Structure formats: structure tokens, C-alpha cells
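Pasting the structures here.
Shared chain: subunit A. Partners: subunit B in the first complex, subunit C in the second.
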Partner chain A sequence: MQSSADGLTGAGSLVESAPAVDIRGITKRFGPVTACDGVDLTLRRGRIHGILGENGAGKSTLMKMLIGLVLPDEGSICIDGVPQQIHSPLAAASLGIGMVHQHFSLVDALTVWENVALGEAGRLNPASIRNRIGEIADHYGLIIDPDARVGNLTAGLRQRVEIIKCLRRDPSILIFDEPTSVLTPEESVQLFSSLRQVVTEEGRAVVLVSHKLDEVLHATDDISIMRQGKVVDRLLAGDTDAPTLARGMVGRDVSLRSESAALGVLVIDEDGAKALDSNASPDAVPAVSSPPILTIDRATLRGPGGTPVLDDFSLELHPGEIVGVAGVEGNGQRELGDLLSSLVSLNSGSVAIEGTRVPDGRSGAMAKAGIGVIPEDRHDSGIVLDMTLAENLILVDQSRVSTGGVINQVELDDFAREMISQFGIHCSGPDAPMWSLSGGNQQRVVLARELAQHPKVLVAAQPTRGLDVGAIEYMGDRLKSAAADGVAVLLISSELEEILDLSHRIVVMHAGRIVGGMDRANVSLESLGLMMGGVAQ
Partner chain B sequence: MSGFFEAVIDIFTSESTYINGALFAGFLAFAASGELVAERAGTINISVEGMLLGGAFTSAVGYHLTGSTIAAMAAGVLGGVIVAGVQAEMSHRLSADQFVVGLTLNILVFGLAGFLDNELEPDTELASRWEVPVLSDIPLLGQALFGQRWPFYLLYLLVPFTWWVLYRTRWGLELRSVGENPQSADVSGIDVNRRRRQSIYYAGLTSGLGGWFLIFGQIGLFEDSVVGGRGFIAIAAVIFGGWTLRGTIAGCVIFAGALSFRLSVQGLGYEVNSELLQSLPFIVTLAGMAVFAHRVRPPAALAQPFVRGLK
Partner chain C sequence: MTEGASSQRGARLGEWLFLYGLSILAALVLSALLVESTGGAWRSVVSALIDGSLRKPARWGETLGTAAPILLVAVGTIVSGRAGLINIGQEGQLLVGAAFATYFGFLIGGPGPFNVVVILFFGVVGGALWAGVAALLKFWRNVPEVLSTLLLVTVGGQLVAYGLSQSWLLLAPLADRGNRNQVSSQLADDNRLPRPEIFGNEISFAVILAVVAAVLVSILLSRTVWGFRLRMLGRNPRAAQRSGVAQTRYGATALMLSGGFAGLAGAAMLAGGGFAFGNYQLVPGFATNIGWTGLLVALVAREKALVAIPVAFIFAGLRTGSSFVGATGVEGRITDVIQGFLVLALLVPPAVMFLRDRRRSRAAATDRA
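For the complex of A and B:
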């Protein structure tokens, strides 16, 4: 950006390099939190601009201001040199700004063409919308059936619909928010090649928001790194490398493996994975000869439409091992977690702990049998935000602090203090309301509660989602030490890096089945990628 | 036992069963078509009961003042829309709980209509009967479908219009998206709460027509008990119909059948415990819900308030 941007070298290049978007001193506060703090950002036509940062660095808020979903408190946004107030997504669209959202902006119950038509004005003309979808599909190679119901499409196809919806308005500025979080590696490669086409042949400005270093390094031209609401570094993709980016993102050197895993440095190619093995390997591989502690036998669960979301799913877990369940999100991982949390009843198949069958779908039965769960969505099913820390610690089991159904406040406080010190929870005390804790500390409360039950099996579903690097590292250490204590750990994660970092054994889920597995020691990223795409090995 | 079957056959071969059934179904269909639109946009609009009663009352007053059935219709729509306005603005502008607003509103309208009815005592009379040539001579169903008072025939416009609005216009597409996934709709540039308010106004409009139809097409006289809980049966018809228009109308017909059956039993002189008979339509409604309610998928964001901002 420094080299090509600022020079007034001639009339022709001046027109070409006039910034499509010029953001100056943008600030946005949510209550006491400053999400964006005096951010400057310049986007140019014909270039892909990567915005890199950890969760909570302010990337999404910045983009939401550009798209009109959030209004800035201070600062200005110029589009093609003209200052603009962008107060709604429609206004943004009329300025030529389109966004492909992280969690798609699609309505499942509607068809593809209905979704594409959403948010436009004027008469509804299905035929012309279908035609336009066909044209865009041909031009960019984004083939799709306009009459398919969006809810029935795979994540990759849904994103395709999202991109078509965006391109239909012919935007000159295109924003992609964490576009690969739900894609297989192959789908990601496809996405980036159509991105290149959009940029180089049609001179659009593209923003790629991501927390994955590799992605940003390989797919972009300019890079801005955000940390704590500020742009801390601006780089050219060609002049930098992953360690520099990681340092900029975290604000210090990244040496620990779990940190680099969390930042997405690892999965780049086979060599990277092998290099990894040499610098650290998962601690003491357990003896697999011991009898399994958890046995899931041919579990089948049908979804609302009758299609199986768990399909003849079988898995055995042995004491002391960490088994990573990899796969693209939405392939039954959530349902697997739900099954082991007693939330769903199987259509057929069974779950057993140490050979004893555990009734599925009976509230609390799995927990009683010794399965602890760190749920996928902490706020939805892990904690109660409006209750105190101490109360959250005893949500699953009150017996240790109560007699005859009456909770002993003194014992509860003692127990909570013990947990606070043992798990290093930062808080004002046992009576701190749960919402006053940071995400990482909330997750520590969940972890403390589950481990205090001395579970035989610990299910960790997306345990580090939305956490910062320090908290991710802590969670990894805790899972490892739980395994070392003989707990069988089932790690369900869509972050392949996390799974590679922690697991002794990896299985891959696709369409509700296990399509293959391998030991961590003999991992092949290529075949992992293929399995995630549904190719059985 | 043979007496029982005879009675049933008697009832099902009696033209009056069908005429009453059509009247009851028509009344429900006015309310249910608007209720469907409101629910597809995400509101369980329980104030439909109050909208019906409000519309019935204002249409009676409108007729009392002007002597015109058309003016009464306009007044009825106004009454329904006023009640809808309170529901819409309270629940989708001020973010008050939609059920609390709806419940309160139903009680308020009931009290207000009763009080004003005593004060004003509006005079009303039934609209004239229009017999459609040829069609009204069809055995059993002819009189029921084509021999009614003219307000009934408005349904033949309203129901197709509702279908067209919901499935063939941009407004309808946006309504449905707002009821399924308000976050996505918002991101796509649709004003979610505005669409939801509009959908409730539509329910107010059709319920206002329903109230007017009740007075001028069916009963001829306003009392505060004219609606008598049938707004809730309209809601049940929407659920029974799986939030589709076709299913909703089918629900209206089935529930109306039970109401009409009850009337025919008494009208034809059969003796059945009248309290038991009174509860028949509600038993049918409950049974219908028990059988069908779990098979259908409601709009995903039904009854969830939408507050804009970060999620």
C-alpha cells in the first residue's frame, strides 16, 4: 500500500489508484468496550485487502460500519473520495458495497432465487432473477439450482448463494467475513480462485477478514493487522511472512505450539505438519489395549426432515486418550455433542460407559454415568449469565454443597473459592455475576464444573471458540492433563489446527458418519482434507 | 345406537348444517388469513380476538351513524386496524412482550366494547342476501357457498389476495424472511420490525372485515359476546394448517364444521347435554392440534422479538 498508493504519478494511474474506500479515525464504543479505536483503512480497486486479527480485535465491527449495520461514533468514511453516512445495508448496497457474511445472511426456508431477491426494491420478477443467477453462475463458475431450498444445501453451496446474492448487485467493493470457517480445504481453494477473478479482471476492491494467517498471507495483496480495536500494522503480503503476522496479531512473539495452532499457522502443507511433529508431539500416547471406557455403537439419529444427522456412528474411547473429531461444521458434530449431553434420543444404536448401557435422551443420564461436557455454545447451554459464579459451578450437581435439598451457603462459597484458585478464574469472588466474567474465564468455570465431577469421559465441543490466545493455551493444557489423569477426552472441533495439536487419534466426520481416522503420529493432511470433503479413505 | 347414526345422517344431509358451517368457516377465514400473515412474519398475534371484536363494534357504530353497510365495512376495518396499531407499535416498536400486549388488549377491547355498546346501543341490520344464479342451486352446498349475504363473498377475493401477497410479492417474500430469520433479513437490508408491524396491520384489516362480516353477514346485532373466543380458534386454524394458507383454510372449515354440527344437533331437535355440546368445537380443535401440531414446522423466528444490534 505504501509503495503503490500515495504517488500522484500521472492522470491514468491516479484514476486507477483512487481509493475505493477511505476510512479515517473511525471509533465505535459498546458501553465500556471500545470495539474500534481511531481506525484508518484504505481500500483500492483491483486489490485484495486482508484484515487480520484475533477474535474481538474489532474486525467485524469495522466491517459492520462499512456495511451500515453499525453506526460509527466518530470518524469518516469516504467512498470514491466522497464522504458518506452509511446508515443501513441498503444505503451501503447503493454505494456499491456488498458483504458475504460469516454466518450467512440466508433464510433456510426460502429457495435460492428468493434469497437472492431479498433486500432489493421494486417488483418481484422471479424469471429475471433466475436468469441473472444463471448468468452469474456461468460467468464465475458458481453453478447453482435457483429453485433449490437453501436449507438443503451444503455449507459450500450456501456460501455460493451468498456470493451470488452479493454479486447480483454488481458491487465495486466486496467484503468477505471469515469466509472459510465453514468450508473444506478444497472449497476454500475454489473460493479464492473466483475471488482472484473478481478482483483482477473486474477491478473490484475486495476485503478479506480473517483470523487465519495462511489464508491472509496467500490470498491477499495488502494486509492490515488489528489488535484491540486498532490497526497496529500495515504490510504487503509479498513482503511478509507468517511469524511477522502472528507477532503483529498477538503483540508478542508466538513460540508456543498451541498459540500458533490457534492462529492457523500450521495447516499449510504436508511439510508444515511434519515440521510440527518434530518440535513437539502430544504427550505420552496411552495404551490402547485397555478396554474402551466409552462405546458408541451404530448410533443413528434422524433430523426433522428424516435425513440422518448421525448415521450409523460408532466410536470407542479409551482411558487417557484424546480423540479429535474433525470435520466441516454441520456434519453431525453438534448432534454428537447433544447425544452425550442427553439432549437427544437416538433412533437406533446405543451409548455405553464401561460396558453398561446409558439410556440416551434421558435428562442427566449421561452426566450421571460419568460424561462431562464442555458445550459448543457456552451461553446457550453451558452457563446461566444472570446467576453467580458459585451458582453456575453447582448447576450440574448440588450434592456436594447441600443437605436434604438445602444449599449450604458457606460450603458453596468454600467450594467456589477452591475452584477459583485451582482454575485461576479472574473474578471479584464467588458472588460475581457470570456476565461480569470474560469469555475465557466463563469457559474456565464450565471446565471447573465438569472436571470437579471427576468424569470418566470429557467431551469438549469447540472448547476454544471465541477465546483469546492465552485462554486457548490454558484450555489445551487442561485437556492434556485431564487425559494424563486417565480421562478419555473427546475433542470436537472445526479447527483442524486445534485437533492436530491436542489429539492422539483423529477421526473425521462427514454427513453424520465417521469417514476415516488416523493416529496423530501418521497424519496426512491431504487425506484428512479429502475425508472432510466426504471422500472415505 | 341406530338412533345415533340416524341423527348423524340427518345432520349431514341437512342444508342448514352446511349454511351454518360456511358462515362459521367464513368468519374464521377472515381472521385466520390475516393471522397467518402476522405469524409468517413472526408474531403470534393473540390480539386477533380483540381485533375481531373491535371491528365488529366499530362497524355496528358505523352503520348506526350512516345507515350504509359499505361505510360500516370501512368503520370495521378502522376498528380492527386501531387494535392492530396498539399491538404492532407496542410489540415491534417499543419491544413490549407480544403476549402481554395481546392479552391486555383483548381484555381492554372486551371491556370497552361492552361499555360503549351500553352507552350507544348501535342499531344494525343484516346485509341483503345475494343468490348466485345456477350455482346456488347445487344440492346441499349451493346455498352454503353461493346463497349467503353479500359480505360473505368478500372472502372469495380476500383469500386469493392473501395468497398472492404472501407468495408473489416482494412484500410477502420479505415478510416470510422476517419470520424465518430476522438477522438475515436485517443484513439483507429489510427493516424487520417495520415488516412485522405491517403484517399485524394486515391482520387488523382482515379481522376488522371479519368483525363486520359477523354483524352484517351472519348475526345482525352487536353484543360484547359475539366473537366469544373464536379469535383463538382462528389462531388454532393457522397452527393446524402448518402455517400455509391452504392448511389454514382447511383448519377453518374443520373447526367450523364442529361449531355447525353443534348447532344442527340442537336445531334438529336431538337431545344432547348442552354443556358437552358447547365444548365440542374446542375438543375438536384440541384434538386437531394434538394430531397435527407436531408434524408441522412453524416459522423459525415465531414469537421471538427482534432487537437490532450485535449478536
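For the complex of A and C:
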């Protein structure tokens, strides 16, 4: 752990070591799409190799070939100088390659040690597995309770389980796919210090796949930038800076300010906050003297165990303002979104629109009262995957395309085509099944539907999660213009940059309640951080 | 784009035909082996099947008449299935519907055509109420409908048997039943559904009723706001909850509609089924697996009401045809096994396609991630 602090700062001297992995000219096509196009990549022991690229640049496919989930069409892979055919994850494991996936492959109903033991051959020995978890935990500072049920763990702890699962097999080559996408900043720092230790003390080779500039810049030694299936640049982390990386990644000059959230660059520092404020924040901050349009009054909701997940939560939203709800994930943000989607009933407290109480938990009541929602997990309550795009556009309101209870197919198609062009949805047409759309386009369908309702309040929960730079920018612009049209926007996000970029006002949620707030103009990162940690201001 | 889509659709159709051809062929080969190994002759079995379902006089009318209640049950199953509810108690709902139809038919006993409507109406009511018990348990106490509907089949069977033992309920007066026990009175001639004769085949009016019901339900599900909302509920209950489709109301309605169709099938068997179904009176074992068969038809038709029409006729043909197989000297149990093979052959392709589609869409989802 001591070495990690200096380790984090980067490469140091270039250590000559035999390549752990040598990938030559690897190509993979999916139908007409070339996901990887003649990629060369060399991974060395004792170093962290960052692979940077936008969504769809081919990073994940490349890694899947390395662990045997996808077979390459052309090219060769040498492990420790020996050419290898990696046909399956088992073959990869026997070569000492382990991967921590972006989406966890854990069984919620099982405990930590049971999950770690999954997939092991031979007889189960709980005591020795628990011991091993303890050893790994002590060694890398990955403290975890082996008997905790995985379903009850936070995202950060689940990832810890994944990492322990991976380290237990003692891999010499470790791959991390977007490891910080679900982590808080503190958890990320912790993760990178463990990584540094794995690399410097044990001579393993680590790959860090990411689209966040600052983590690649600060946590890796070598950097390969991928764009459209090709490696377009190879750099040493010590010799480069964020703008160079950003240019390489998107293939053009980017304004780090407008895309800061997307690229994960924290451009805020002491005076940076002011600079960003003048540039990115909407200049006309609405007058707070207008009456609130949404009033949540002392909302309390108890979880399954009886502990409150929303605890005396009160919030007022005024027309035309964007209020950012910051906070570490799992502090009631999901339940807040569910409340405003009529998905949960409160134990006490109330929700009102323009002073009129909206019955909580009554099917459709919130939507009818004028609350549009871009849900945190669109697959959960935002879209119906087995319906068509057009049908997904009228989930909430069928009246615009129906007369006398009968849906007019022509009107529906016309409406869908209008939305497709207005929101730039890439699809084969109104009849495209929803599951055939990419995540970003599914999100546009949700956005189109909710805005077409002319909502009074728009709740955007983690609206840009998993989207690429262009889509993030688009979403931000749409939210700003909605606010400019007088919609009250509630932005719930765990990406602080996103909140700083878009909000007029910021409140911080911790343990189901609002622990503090501040105007965008007077942001203090330090007190924000303290509040997110639960220290009320 | 459209060209690609249509060629894709063509390829898909080809796959379907291939799968069905393969699995039916397999079932036929297995059946033939079974018949031959037990001392029968498979040619005569096939011939008997066709004789019984189509070729012999009055047989295709019989097949159509058998298909009618099967189709009605299947249509109801499709309604609840689209709402994401698994009703597997049609056999009981059908029986309770038939019992209601019998009881109220004799209780009200109005003039002929009017009483036919009364009989059908109370069939619907009986089936809907019996499914309503399951709906109540589900939405009030969270009892899974897949369990409650199934178990209510047994309860319904016992209750109707009790009714058939009590003369104040369903049991016919002694004069009407001779020395038979546990039968209701027979419906009077003017209380029966018409059976017009076409080409020497008596066609039950219930056939028209069932086909019209299938077409109406198909339109209801695909074209109306109500059907749209019902499908939304079935595919994503949480999206439905947010959008104002209350699971309690829509789900209970769908389940009761499903039971109502089963009950209607029971009433139609009673009032229009002829000798195949109790000869216009309620008898023990009245449902004779029509409820189960209808459930299978809905599965094979993959919850498409229009597809259910031909499927129901095929299943009805298997049923009427196999009643002739006994005459070839092949044992009844062997016939049952053959019928089982053929049903399986019809069920396997949808299952294969379903699994494959799911795998593909999952693969597509992970590729994009």
C-alpha cells in the first residue's frame, strides 16, 4: 500500500521485460462490422497497460479474444513468446489470463465465498476458501466479509468480489474492463492502489480498458488508443496529457469542458470551477421566487429490512431549473426515481405537483400529473424490449394515435417517424424491435417519448450511463433545452462532473436524505465531497 | 432494407417448415416403430387416423365440432398469456362453466333461442368466476396463479361431482336419468345450438362462434389500446405500472377473461357438442381433456390467436382420428402414446425457435455492450 502512492503517478523508467502477451495483426468481423482491424498489442509484466477508446472502438472485443470468449478471424496471440489458440475462457485461465468484467457475473443469492468458489473443480472446502479470501483481502487491502450475501453488497464491494474471484486463480495477466464505471471516486482510488501493488510487487501484467481519460492517465504506464477497431496511437502515460489522449480517442480536437463528463476529466480545481461555470453553465439562472412545481414533502420509504431508504426526504423543484442530486450510489437515488415513476408507495410523506397531491404508488399517477422519467435502468421500467420502437414511443400515452380505443397504425408510424428524425434515432424503421437498437438509441427513444409528453418535471436518473461521448453531449443539450423551455429537471447522477456541468443547483443525498445543497455558482468541491461521505454541512 | 427483411422472413419460414417437418417425421417414425413392435401395422393406423378425422361419413363435421371448444379455450389462454399470466386451469374452468350453464339453463328455462344465450352466458360467468378465485388469490395474497389455477381444477372437479349427486343442484330427476347416477337432465331440443348439415356433416354452430372469437381476440390484442396495454403488462410489468396499467385491474381482467372463454367452451360443449360431449347433458368427466388440449394449442400457436385456429383443427383431428385407431387392433394405450408423440412434435419447434431467438438476442445485447 505504501508503494501505491508513488506508483499511481505513473511510469517511471521503462523496464525491459519479456512480453507477457504479444498480439499481432488480430482482426475480428461481425457481419459487415469490423470490430478489430489488424490490431497489434504488447503487454509487459510489471506494467499497467491502458486501452482507451470510445464505446464501440473495439476494446471489449479485443479483450474477449484474449480470454477466449470470441475467436479471432485473423492474427496471432503469443503468451510468453509461445503462440497460442485461445478457444475458451478455460483455456485462457490455464494460460494465466483472468478478466474482471464490466458487468458482474455474480450470483446474488449466494454469499461471497460461495461466489468465489463457483466454477471450481473438485470438492468444496468452505474453510479453505474463506481462509484464502482472508489472505487475499489482507494482502491487497480488499477487505470483505466472506459470509455476506452478494445481493446485499454495493457495486464497489461486488467488484471487489469479482477481483478476489479472479486473483484467487493467481492469474499472471489481469484484464479490467471499465472497472470504475460503477465505483465511487474513493473506491476507484482504492482499486488503483491495489492494482499498482499487483503489478509492482508481483510482476503481473494488467490491462485497464477504459474510456475515462484521467484514470488511464494516472493509473497506467503504457497507453494504446483505439478508434474504429484500430490502435491509432501508443503512448507512455508519463509523456502525455489529457488533451492529447482526448484527441486520439475521438479523432478530432475536443473541448474538454463540454465533454468533460464524457471523458471523465475532472477539470475542476480551485479556479477551474469558476472558469467552467462561466462557460458551461446556463447563464440565466431561473428566479427561485416562482412557486415550486414539484414538492416532495418528508417522504419516508422503508426497505425490506425496515430501514428507511428514503428518510424524511424533502425537495422542491421550480420551473426551468436543473437540480442535480449528487451522492454515492445506493443512498436512495434509485428509490427516489421509483417514487416519481409510481413504482413504490411511501410509508409517510407526500408528492405534489403545483400544490396538488399526487397519490404515490398508484399506477400511472405520476406520469399523468406531468412527471417524465428517464429511468436509471431503462430495461427495468423505461422500455419494453419485446415491443417495436413505435410501440415504445406510446407506452405512457396512446391517446395521440388512437380513436375510440383503437390504435391507428398509420398515425403511430407517422408519429414514430417524426420522433426518429427529430431525435436522430438510428434504426431500421418504426417497426424495429426495441431490442435491436443500441443502448444509446434506446435511450433516445425514452427521451423522445418523455419529452413528447410535454412534462412539467423531467427526472433524468443516470441519463448518460453507458453512452458514448456524442450521446452524452446530446443528452446534456436536451436536458438544458428542456429546462430553458420551463421544465423542472431533476438530474440524479453519480457522475459528479455531469452534475457540475448541467445543474443550476446541487443537493447531496446520503442515507436516504438530503444532507446539504448549494448553488452551482458557489460550488465547493470539498464540501460536496464531505456531504457525499455523509458529513452534513 | 425491405428486400433484406423479406428474404430474412423467407429464410425464417423455411426454418419453421424444416423444423416442423423434421419433428413430425421423427414422431411418425417412432410411432410406426412402436406400432410394428407391438404387433400392429402402421399403414392401417395411419389410414384409421385419416378415416376417423376426415374420410369417413360425418367425421370432418365431428372434427370441426371438437375443434370449437379447443379453440375457445386456446383463445382465452392467449389473452391471459399476453398479460404475462400463466393460466393452466382451463380444464376446471371449463367444467365449472358447463356446470353453471347447466344449472342456470334449467333454472331459468326460458324460450328456446333465448335460453341458449342464457346457457352460453352463464358458462362464461362460471369460468370467469373460477378463474377469478385465482385472480383474487394472486392480487390480494400474492399466490402464484400457475399454482392456484392448476389446483382449482381438482377443487372444481369435486364440487361439480358433488353438484351432480344432489338433485337440488345438477342431478336430474329420477325419471330423466333412468338408473344412471350423477348425470344432469338433457337439454331440450330448442335449448341446443343449431347444427346445420353440410355435405352430410353436421357442423356445430360453436365452430363459427370459436373462429369469430379467435379473430376478435386477435384484433383486440393487436389493434386496440386495451390490447396494447395488456401486452405491455405482460412484457414489462414495471413499465406498465409507471404508464398507468394497473396490474391488479388489467391482470385480473385478463385472467377472468381467460376463464370466461374456458367456461364458454364448456357451455358450447354442453349446448352444441352432440354425442362427443355428454350428449347435451352434464356427466362425470365432462371436460374430457378439452381444457388441457386448448392449453397445448395456445402453446403451439405461440400465443397468436389466428395461428391457434389451424392448430386447434389439427389437435381436434388427432383426437377424432385416434378414436378409430382402436378398430385396427392396436391397443388404446399405444394410441395415447402416438398422440403424445405427435403433440410433442408440434411443441418442439416453437421451443427450439424460442430458445434460439433468446440466445441470439442475448448475444446481440452483449455484442453491443
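What we mean here is this: the second predicted complex is superposed on the first by the 420 of 537 C-alpha atoms of A that agree within 3 Å, B and C clash if a C-alpha of one lies under 4 Å from a C-alpha of the other, contacts with A are read in each partner's own complex, and residues count from 1 in each chain.
The working rule: a contact is a pair of C-beta atoms (placed from the backbone, for glycine too) under 8 Å apart; a residue touches a chain by one contact, two chains touch by 3 or more.
Please read all numbers here as calculations on a predicted model, not as lab measurements.
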Which of subunit B and subunit C A:Phe30 touches, first, second, both or neither: both
Which superposed partner A:Ala148 touches (first subunit B, second subunit C, both, neither): neither
In the superposition, subunit B vs subunit C on subunit A residues touched: C
Subunit B versus subunit C as contact partner of A:Asp108, first or second or both or neither: first
Touched partner set for A:Ser363, first subunit B, second subunit C, both or neither: second
Which superposed partner A:Val373 touches (first subunit B, second subunit C, both, neither): second
Which of subunit B and subunit C A:Ser341 touches, first, second, both or neither: second
First (subunit B), second (subunit C), both or neither touched by A:Leu90: first
Intersection of subunit A interface sets (partners subunit B, subunit C): 30
Residues of subunit A touching subunit B in the complex: 30, 61, 64, 67, 69-70, 88-90, 93, 99, 101, 104-110, 114, 117-124, 165, 304
Interfacial residue positions of subunit A with respect to subunit C in the complex: 30, 60, 102-103, 341-343, 362-368, 373, 380-387, 391, 394-396, 398, 402, 405-407, 409, 428-429, 435-436, 438-439, 466
Contact set on subunit B toward subunit A in their complex: 168-170, 173-174, 176-177, 180-181, 183-190, 297, 299-300, 309-310
Partner subunit A, residues of subunit C touching it in the complex: 1, 5, 223-226, 228-229, 231-232, 235-236, 238-247, 361, 364-365, 367-369
